[in-house]
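What follows is a set of structures for review.
Paired with subunit B in one complex and with subunit C in the other, subunit A is shared by the two complexes that follow.
Let's look at the complex of A and B:
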């Protein structure tokens, strides 16, 4: 424990700026993954334990597209679309067979996919750590705010996630698709009785979730290294985020993700060996106070 | 399929069913005794080190999987973090033996107590959640235990595992450093654990668990403290999982973080699913099948996850049931109601 370092940081503007930015980056990437997870849960009542692997695939897809084309923009689009297509296949041919009731089967199918995808990544890209490096147009001097250093890419990442978040909010809140999705979350039988193809809705929700995870993976590539199995830690963190924010709530996912990001960022100064523990502590406290999460409906 | 409701009073049993208590317990003890004797005989006739090692490993996994099935099959609590107790048991036992140099039975008692305490704390939080929420909150806690094991290097040795071997002093003339004694010890531990768990599953407590699984609201209207019953089940399952960990720690003479990694819990779920959750012996069958499968796959290919994942998909999407489930179905279809009783008790 290093409370003095933490106190020193809290009174120094430059440290505040640096830590808050890094907390935001962690939180925003986490938000993209957790939003997909919580969306799928909200509509289908299924926890996609393979969601972390979607994130991993997004990262590897982006890496590959970038290596071949040299364009980071193409890499982002490619990763998002690639993972979205994979999610549709995953939902239609595998998950849709185990809907309803038996959690055990859903767990097993996801477990199988985590194992398979981790091995496929090892076979295709090799078992060693990979790093893409920063794309050229982000190799600029960082921005200084109150003595704190903010790399240009961080600003880009924040802008992108803000755009994606706003887009998600518009789609869910104001489009016909969003209305159908919200209705299907409440009563899928009724939606189906109204002549809407619920299978299509479920597949598109998975596609949207996959798209978000793919985007998160692509946006993370310049700042994280790639390795088989990288999806699992982000899966656990996304779970913590959704539990804190409330399962099924996208606003909750956002608040939870930022909270976890800040805990990680400041926790790494105050309690370097117990950062993971801090997140669990936060989760446990919230569960004890409000078992359904901050923004969750009462279960 | 008629499901029996909870019998809080054994005397209220209908005469068509044998009473839950003594008779079936006697039968179970006889079966367990015969099985232990047969396995010891097998070792005497065929003293192959490979078989010995395999059996000890299966014993550890079978205790673990059966304890998980107490939660999944009987209580309807799908824990995806059960590996934390297996790993905790292995580390706790190993550390007590290394640091305190106590006799093995005392170290096991300490491990049981410590695991019960851990399960009490973790369970008190996890059990507030139901269904799929429960699954991943347990997974999350397991990863906390895992990261503590990896991070706390001075105590646990970090990702290298518990080094230096676990001392195995003789007690009551049993020397677990010899393969034969360890073999017998593992089998007896398995038999005893299965007997006790079987007894718990068939007790009125076990039937209360089934009722909570089938209809939690009804159970709570009947005045059952659902939270407490689920918490006790969680603790009992955790304690037995730690015993599996103890057997494993004695076998490998150490403890590794993988014991409490999520893959351990995943394998546990897979074992009970492959063996079948509707029979008591299913998880043990699953432990045997998965261990065989693991050995074959590891020998044939380096892409262990890929091969195992495909087998899991075939089971989960194709067969949808474990091997003993099929056996139980067949038994019920061909035999009289007495034979089918056991299969009807636990819902698939």
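Let's look at the complex of A and C:
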């Protein structure tokens, strides 16, 4: 524990800028993955344990498109669409068969896909880790604000994530599709009785969740090495985020992700040997105060 | 007709039955001793995050086996390698090792496990008495600690203590020349990271007492995001940084630190950088990172070593890894010991291995020795250099001083109660 270092950081503008942006970067990437996870849970009441693998696939799709085209923009689009299409297949052919069934069966299907996708990655891309590297146009010196350091790529990443988050908020809150999704989350039978194809709604929700995970993978790939099984660690953190924010709440996922990002960022200064523990401690405190999470609905 | 043949009496029947039974009981042994094929078992990690290292170990062994078999095998017996995946789990490493010996009939083990698995394999070979060569465990106590050491187990790979002494001496020279007094560390938070960092700092301070470590960071193993670690290091503003991150963790960390321009702000010593697994993967390799050699075809700078690197690459479409040379060297020792003993018997090979000196492309001076007292290899290529972005990646490597390494290793063993 180094509380003096933390106190010094809190009164230093350069440290505040660097650590706050660092927290935002960690949090916003987590938000993209957690948003899809919480969306699927909110509508379908399914905990998609394979969501981390969607993130991994997004990273590998982006890497592949980038290698063939040299365009990072195409890589992002390709990854998002690729994972969205896969999510539809996953939902229609596998998950839809275990809706409303035993939770253990859902867990088993998801876990089977984690193992299968990890092996597919090894077969297609090989067991060795890979690195995409930074696209040329982001290879420039970092920006200095009040003495704090912000890499140019991370400015782009924050901007992109903010845009995606705003887009998601608009879609869910203000479009017909969003209204149907929210209605299906509350009463799918009633939605179905109104003549809306709920199967299509469920598949769309999975596609949207997959698209978000694919985007997260594509946005992370210039700075993270790719390896089979890489989705597991982000899945754990995404669960922490969704539990803190409240299962099913996208706003909760956003707040939870930023909280986790800040805890990691400032925790590494003040509690360097307890950063992981701090995240779980935060989750435990919130669950004690509000068992349904910050924005979760009371059961 | 019958009268022409001698009648079978009771004694003859009993004698015959006893002889037959004895022959039957002895058959597997006789068959084993006379078999043209000798099976060598190889537990290693073929799945999970470090599968690439396990695969490269298997490749290296296969490449050497081809050469040995072409020259007549081990004392005339053709080698057949049986490889099993331990998935990097110690209990699985122990299980497959037993299976390789008891079920598959392997007479020798090449244990290509990471440290946690190797200690489990050590218990198995201690129990079953089969000749074993550990090829990837760099934890010094495996052979240094007499309580763990067994007569039938050897080690042909780097040792943490050797690396730390060589690294400490090199880093101290640079720090003295450049006046680097404040240091930070960034190593993975598990046994290897902690031990390696502690020993490196110990020897760095021994060679340059003015050094002070002001910041320590311990990212967890396989952590995907190092942002908070990097920004903490930037805030601390050390003059130099030591890291023993490796593999995908190292490349992620470099990619993420590069965009903060961290490598221009401090002198970085990353012991595991100069391995092709990392060098060829990092797309924007920063210039001037100090690294210990793992496997690199330019050190030792000999035609034989360069040839090995190229031949391996031609065969497997990638350069050898640190685990590759360690496994290849183990096979070289095995072949040389078998030749010396003129036998493929484990006990006789073990006897021949003690103190054996062989010529090898992986030796610092072209030779390596299996030190008799603790059955571990010394004299392998050990050194440090700085990176450039393209091949040969680390053009010049300063060789470590083996005399100094051995002197300080003895002192360390005494301090640790091993001598």
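A few remarks follow.
Definition applied: the second predicted complex is superposed on the first by the 298 of 299 C-alpha atoms of A that agree within 3 Å, B and C clash if a C-alpha of one lies under 4 Å from a C-alpha of the other, contacts with A are read in each partner's own complex, and residues count from 1 in each chain.
Convention: a residue touches a chain if its C-beta (ideal position, glycine included) is under 8 Å from a C-beta of that chain, and two chains touch if they have at least 3 such contacts.
None of these values were measured; they are calculated from a predicted model.
In the superposed model, A:169 makes contact with neither subunit B nor subunit C. Of the two partner chains placed by superposition, A:125 touches none, neither subunit B nor subunit C.
By the touch criterion stated above, A:22 is placed in contact with subunit C alone, subunit B being left untouched. Once the two complexes are overlaid on the shared chain, A:177 sits clear of subunit B and of subunit C alike. Legend: residue contacts after superposition of the two complexes on their common chain; A:142 is shown touching subunit C, with no touch to subunit B. Contacts of A:276 after superposition: both subunit B and subunit C are touched. When the shared chain is aligned, no partner comes close enough to touch A:99: not subunit B, not subunit C. Legend: residue contacts after superposition of the two complexes on their common chain; A:151 is shown touching subunit C, with no touch to subunit B. In the superposition on chain A, contact is made by A:234 with subunit C only, not with subunit B. When the two complexes are laid over each other on chain A, subunit A has residues 122, 273, 276 in contact with both subunit B and subunit C. Residues 41, 45-47, 49, 94, 97-98, 103-109, 111-116, 118-120, 122-123, 232, 236, 239-240, 243, 247, 273-274, 276-277, 280, 283-284, 287-288, 291, 299 of subunit A are the ones that touch subunit B when the two sit in their complex. Interface residues of subunit C facing subunit A in the complex, by the touch rule stated above, are 46-49, 51-52, 55, 216-218, 220, 222-225, 227-232, 234-235, 247-249, 251-252, 255-256, 258-261, 277, 281-284, 318.
Across the interface of their complex, subunit C is touched by residues 9, 14-15, 18-19, 22-23, 25-26, 29, 122, 126-134, 138-139, 141-142, 149, 151-154, 220, 222-230, 233-234, 264-265, 267-269, 272-273, 275-276 of subunit A. In the complex of the two chains, the subunit B residues touching subunit A come out as 72, 78, 80, 125, 128-133, 135-137, 139-141, 143-144, 147-148, 151, 262, 266, 269-270, 273, 277, 303-306, 308-310, 312-313, 315-317, 320.
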